[in-house]
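In what follows, chain A forms one complex with chain B and a second complex with chain C.
Coming up: the complex of A and B.
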């Protein structure tokens, strides 16, 4: 809880003293907050509930399309449109859950991968959503500062939801489902409901992030908003930070953004290096950098494991 | 309304292309059936095979249907250390860690290919490419039939290896129950390594055929991976002859969707079939068992 407050506080300082930040810093700050939100949502799904998804793009994309559709056709305020965009993601999650929850473990992963691609192809081919060229947002371009504030609010909401989820009865239910779904069902956990609830909450947050991204871009198209890159980035971020750990996604997101900025002139190299980091960490530090830090701390303190971080 | 000849030709093309795509899915299927590993690097293995076929033809000038044997050996051999040094040590962490590693490998290779070979679209030229084949009212490119024949031969060969050789016996035993297989003296580790290499070799041949029939870029791997997953799910995971049927079924379905709904829906129908199959009948169309 304390850690989440510290992180949110750092970003809040930026909001209180905008003149301290350059436009570039403001943009990077917005992107980092967006990635933290996506990472936290994915970690809730994969780290706590065992639902490793490669379909994040479907939810980022649906949020983006809902927001643009709403703002173009109704005089709805931005904040509400972001919330409804998130709701669109939760509805999509509920709609596809009977199909994707028939798949367990790795099959769920592949099923969600197919879901993302199917959504993208549908947006390209269906006659209502602007096809491959996409849609333009007809409202005014937001200032970096306004975007930063919206990002901060979404980040605060996410951290609140995650902190509640990590300290409630739900967290025990989710971990029971993750560790052994059949055993959990045997002792009376309604596994489908737990998974559905987690999936809907995570999808809500991802779609809200996608909606904000669409507001930032002012123009959306299926290849960008439903691109596999979203699913890949989110997964890489959380694995690098530490899956299933409370602060894993935060550090993962900061590291991935920093790496991306350092190697901004070499996009291919940047992604290849992310891949190598992923392989090395999966092999030698399955709990990511935060897990590694925990182990190091325990080692210095003369204890045998970093149990305190879980 | 379209003429009957066009419909018949289109469905025949779908049949032949589907049979060819079955080979691209074969490696994915046997690795999944025997090792319970979802190899997310399979798509990039296909692209590696396509590049190998492309450059071998550029350098030697030989017919790609001849050099495909070399490509199979090269991609198969390249897959060996991946299994030995990257995936094998992770087996104790459960099924997710190896899958993540293949995923990491896929993005590393894709971007190395981008750096090395650029994002240019390439394809492998063959002398048969433009020759049409006329069978009564049906007209298809001859190259479709040749690639289909190559694919069917390789799939039958792999089938024979699995049902007729002692390695195949070990492979089937490891697929059903690795623990019990180890108890009766099967070197499961060796079986897994060879299975992964065999999957790589199949991907090499399949990738060359993709290069001959279609065009490819380093980023094409992900698309073929998804098509291949659909074929594997249709045919049943690890079911070798099922993969061939699954490929043909998908090819025909896609060509029908192309005629009825429009060309853009070809890939979409594949994914819809994929999700529907996973939800309704995850064991595949047929009863068969793994490998």
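Coming up: the complex of A and C.
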């Protein structure tokens, strides 16, 4: 809880003193917050409830399309459009849940991957959404500062939701479903409801992030908004940071974005290095960097107490 | 579902015509049970009889194919597991399934918060503490379930089920894998839980638990209820002993058997030949559960050795340790004088050890012939053809169906295929693990006839078998395992008449 406040506070400082930040810093800040939101949502799904999804792109995309559609056809304020975009994601999650929840473990993962691809193909081929060229947003470009503020609000909401979810009684039910779904049912947990609730909350957050991204881009097309890259990036961030840990996604997102910016001139190198980090972490520190830090702390604590005894 | 008389009030669980089929296999066949309130009721039966399936059907983990389940007089056949749990049916698993990455206290909070999310924190803490105390886990509240030993995991599962304040508890093989002193602790715990408030259904292989806890038991055999009655009567029953010790004892089945097996014992011949396999104090296990506790065994070329013992005694683990699918934690294995302890299983196969695994393990996407050929890779074509012809000679049924997928066969044919496949590597020693499991007696006769032929041809074999009579018939020597040790061993003919054999099985 404290850590989440600190992180949100750091970003809030940027909002209070905009003149401290260059336009470039402001944009990086927005992107970092967006990725933290996506990572947190994915961590809620996979780390807490065991629903390892490769379908993040479907929800990023649906949020983007809902926002553009709403802003182009109605005079809706942007904040509300982001919320409704998030709602679109939650509705999509509820609609597909009877199908994807029939699958477990790796099958669920593959099923959600297929969902993302199916959504992209539908957007390309259906006649109503601009096809492969996509849609343009007919409202003014937002300033970097305005985007930053929207991102900050979404981040604060996300941190609040996650802190509540991680410390509530619900989190115990979610983790029970993650550890053993059948055994959870056998002690009275209505597993479908728990999974559905988690899936809808996570999808809401992902779609809201997608909506903000669409607002930033002002032009969306299916290959970008429903691209597999979203799903993979989010997964990589959370695994690097530490899956199932409260601060895993935050550190993962910051690290991945920082790495991307440092190596912006060498995109191939960036992807390769991210890949190597991922392999090394999965092999040697399956709980990610945050997990590694926790282990190191426990080790030092153990050593000092051992010394005290001697 | 089924019609008939209204369910009686005094019953906590009643099943009527309960049936479960998997594809063509009937795991539970038309079982009627009536379990009175406040009773500790035992369900026993040999391996593969369908006992765990029955627990799944009552607990709601499995939907029945037909028939119904009543709980306190209400039909609950259509209710999901979670709803049954909320009404007061708790269960534990044969292999404990606590929520491994959560603490002990959190494990107990799961049922509590799922049923009563608004319970006050103080009340919740009191309930958790009371149940931890009751199950002997006090002080372990903050430990992660993953770090618990097997017995404590079982206690945790029980504590977790108790959080539901269950009116009936289904305990699936709680005694499996525990040593004698742990079994005693468990019996005490069961006594302390049972009462008017809580009825208990115990599905169990450890006969001591059944004897000391249950007033009445039912015997399940090949999916159907075979006998029911007072515990002492049932355990003393000849017929029940028969299904535990082997089909060959059964009336009517004996005639089919005669003249098929019973070759002259060749102990004398074997004793003079070289030692093929030597186990030197091997130990092995899974995680914290130690299954083999130091086994010494010598098998000479040409010998057939039967490995007997109840479920959970360590027979299959022994087979896996010999073939290399389970790593040893101690001891050594020598084969033809060479130390093979650290060799991976495919290298052991090259040395001449074949393993016909429990449950057949047929490759379902390969045809019958491909299943056979896969065990003879790297052999030249003429030799491969010769071996294939030999298998088809042994099992003509496989030749007829050689192009069918390996799993589109009857159970008996699949077992033939599994045996044939393990023979394709032309082994010097072959380990047969439960080849008669779930097969009709007439098919077993056929398989054992083939084994007799192979034995006469000089193949050395270890035969792991639930069907004691059959294994003893074919073997020169027999070893009976108990808790991962050899409790009894000697010439097969002597073991057969040894009274301790029956004791090891039925207590």
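Note that the second predicted complex is superposed on the first by the 302 of 310 C-alpha atoms of A that agree within 3 Å, B and C clash if a C-alpha of one lies under 4 Å from a C-alpha of the other, contacts with A are read in each partner's own complex, and residues count from 1 in each chain.
In this text, contacts are C-beta pairs under 8 Å (C-beta built on N, C-alpha and C of every residue); 3 or more make two chains touch, one makes a residue touch a chain.
What you see is a predicted model, and the numbers here were worked out from it, not measured in a lab.
When both complexes are overlaid on chain A, chain B and chain C end up clashing with each other.
Once the two complexes are overlaid on the shared chain, A:70 sits clear of chain B and of chain C alike. In the overlay built on the shared chain, the residue A:188 is in contact with chain C alone; chain B does not reach it.
Comparing chain C and chain B on the residues of chain A they touch gives the larger count to B.
Using the contact criterion defined above for the overlaid structures, shared-chain residue A:92 touches neither chain B nor chain C, since it reaches no partner. Legend: residue contacts after superposition of the two complexes on their common chain; A:238 is shown touching neither chain B nor chain C. By the touch criterion defined above, A:206 lies against neither chain B nor chain C after alignment on the C-alpha atoms of chain A. Steric collision with chain C, judged by C-alpha atoms after aligning on chain A, is confined to one stretch of chain B among 37-45, 55-63 or 181-189, namely 181-189.
Once both structures are placed on chain A, no chain A residue is touched by chain B and, in the other complex, by chain C. Per the touch definition, chain A reaches chain C in the complex via residues 169-170, 172-173, 175-176, 178-180, 182-191, 244. Considering their complex, residues 52, 98-100, 102-103, 105-107, 109-111, 113-115, 117-118, 121-122, 124-125, 228, 232, 235, 239, 268-269, 271-272, 274-276, 278-279, 282-283, 286 of chain A touch chain B. Taken in their complex, chain B has these residues touching chain A: 36, 38, 86, 89-90, 93, 95-97, 99-101, 103-108, 110-112, 114-115, 222, 226, 229-230, 262, 264-265, 267-268, 271-272, 274-276, 278-279, 282. On the chain C side of its complex with chain A, the touching residues are 59-61, 80-82, 85-86, 90-91, 93, 97-102, 106-107, 109-111, 113-115, 117, 160-161, 163-164.
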